[in-house]
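In the part that follows, the structures are each spelled out as structure tokens.
Both complexes shown next keep subunit A, but they swap its partner, so subunit B is in the first and subunit C is in the second.
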Partner chain A sequence: MSLNKEATDATAIGDVEGVTLYDVDHPAPVIEAPRKRTKKTPKATRGNFEMYGWLFMRLSGIVLVVLVLGHLLIQLVLDGGVSKIGFAFVAGRWASPFWQAWDLIMLWLAMLHGANGLRTIINDYAERDNTRFWLKMLLYTATVFTVLLGTLVIFTFDPNIR
Partner chain B sequence: MPAGTLYRGREGMWSWVAHRVTGVLIFFFLFVHVLDTALVRVSPEAYDDVVATYKTPIVALLEYGLVAAILFHALNGLRIVAVDFWSKGPRYQKQMLWTVMGIWIVLMVGALYPVLGHAVREVFGS
Partner chain C sequence: MATPVLDKVEAESAASPYITVTFRIRRFNPEISDEAIWEDFRIDIDPKERVLDGLHKIKWDLDGSLTFRRSCAHGICGSDAMRINGKNRLACKTLIKDINPEKPITVEPIKGLTVLKDLVVDMEPFFQAYRDVMPFLITEGNEPTRERLQSPEDRERFDDTTKCILCAACTSSCPVFWNDGQYFGPAAIVNAHRFIFDSRDEAGEQRLEILNDRDGVWRCRTTFNCTDACPRGIEVTKAIQEVKRALITRRF
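And now, the complex of A and B:
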């Protein structure tokens, strides 16, 4: 049979154009869909980190609208705007656990939201592996430092420091 | 520049650029802001000295700029959330952008006196 001879010749086109190697008795090999989950796919994939990051940006953003715009209203608009700010003013505000909690949540959410945003931007523009790695290390160091310092300041604030 | 490779994304592209730029600006401000607030752990005088610079006319202009950046980022951020989660969001993204800009202008006009009033009084006397 000429078809079988063709098969050993490693070409899929038969003598007459349009005649193929495959028919009902000789089905074509199945080509697996790209990225299909099979038995060979490793169990440990990379997980959904980027999806949770995407979701966090949106959820934290909604909360930050209230926290940050409220903060700006208090600091820049109400009660004489910036002119009233000073040590005594801060002492008055942080005497209340409510405003301590407000500032603490705002600090953590804004820093994590901003840091995750900057991570995306670094990934977008820093093309060399080395540059990208070190920029992100700098970002993470600055973020951890700022969050810890801000948290410490809220919890250890002492109105009678003098 | 090779012909035909310039991406012209219109309003959607420019709002994305502005969202990015304002996000970075706010992050850098926040870094400095936590450092200056930390001075309350040094001494009341150290804190009040630094806060005094926040009350000068030139820094008042910067504060107005910061308010502009945050208001845009916040309003446009809500628009992004609406585009992603509201089924009709993508269809109305352009109308929502103009709504954002409208609210932004109103709030910026409203912030003029509270944020810059004291600076104007200082520069022009009275």
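And now, the complex of A and C:
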């Protein structure tokens, strides 16, 4: 019996089948779940931020259906389609507070809706905390810049500029 | 003891119900390799038998090292959820004839959890989320001398979510859970739902607050994978939506 055991010990798989990296005493590392919950994982969050975010996506979505589809219709389909768009066309529309308001609301809603949607996607797909943080910073910067620039243009647009 | 022999002869002379089926199984053994591989097994089996019977045949007759969990073998313990032909199911509730035995039947471990060996995964993150929602009756004040009464209507309110067997088919079919193990996952929400809408329970508010978390119900994207996967036919996505609605109506 003891001889038998010695024999098995001596002929560990490595000897017979060439080099093996893993055996009973040195198992391969298993692939951890994507982000395992550890001691360092942040504690539960308080407040209703995610709830308001979720509600905002639905409510802004409903308003965007009207604003965006109307926008596309006016810009691309009606009255000669896309070829009619030019400086004069924009100047003509923004002379009316109604279209100013339309475009302003659409800008804000679409940007915040799109930004929050991208935030969700970054949260899902970024693997490392650092990557996630910087992608979100890039997203927020781009969003704030676009919203502010767009708002500025809508309010200070000067049809007589040369 | 002669009878079995006779039976066998008889069975062979009759038209055999057996067909040859290929099982393509995802194998992983960390004591041999860090790679998971597909391995094919061809077995003769009655198509009215279940995938679990096929796995048994393989383990008992062909390769004893094949590793999987099962306990009751009748769809009630929740041990043998696996990805069969790309869909999460219980091996003990899936008939061979229902999943096109002409083609190889693929069997993989459920996704999003650490594979320990072959079809066995580490269920700890799944049960951690389950424990987090406090899946037990919580009440205040004195205990009644007899049972806690409930009207049939009140019982009906959460009947669907009492059927859960914690097999993890839903949670491991959810893409949000796949790319981020932090999400509570459908099963934890189903089991919170079971107590939140129980008229006898008094900690619904606490459970709602737990699921109001960053990784709670708001991460659900309504893909319905969970409802499709549930072997108990629970309307999982609906339960999640009901928790969302309870959270919103509580605030407004």
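Everything that follows uses one rule, which is that the second predicted complex is superposed on the first by the 117 of 162 C-alpha atoms of A that agree within 3 Å, B and C clash if a C-alpha of one lies under 4 Å from a C-alpha of the other, contacts with A are read in each partner's own complex, and residues count from 1 in each chain.
In the analysis below, a contact is a pair of C-beta atoms (placed from the backbone, for glycine too) under 8 Å apart; a residue touches a chain by one contact, two chains touch by 3 or more.
Because the structure is a prediction, the values reported are computed rather than measured.
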Which of subunit B and subunit C A:157 touches, first, second, both or neither: first
Touching partner for A:123 - first (subunit B), second (subunit C), both, neither: second
Partner chain in contact with A:79 - subunit B first, subunit C second, else both or neither: neither
Subunit C versus subunit B, contacts on subunit A by residue: B
First (subunit B), second (subunit C), both or neither touched by A:27: second
Contacts of A:48 with subunit B and subunit C, given as first, second, both or neither: second
A:149 touches, of subunit B and subunit C: first, second, both or neither? first
Touch list for subunit C against partner subunit A, complex: 30-34, 112-116, 122, 125, 128, 176, 178-182, 210, 212-214, 216, 218-219, 244, 247-248, 251
Residue numbers on subunit B that touch subunit A, as the complex places them: 20, 23-24, 26-27, 30-31, 34-35, 37-38, 40-41, 43-44, 47-48, 51, 54-55, 60, 63, 67, 70-71, 74, 77-78, 80-81, 84-85, 111, 114-115, 117-118
Touch list for subunit A against partner subunit B, complex: 58, 61-62, 64-65, 68-69, 72, 76-77, 81-83, 85-88, 90, 107, 110-111, 114-115, 117-118, 121, 142, 146, 149-150, 152-153, 156-158, 161-162
Residue ranges of subunit A in contact with subunit C within the complex: 20-24, 27-37, 41, 44-45, 48-51, 53-55, 123-125
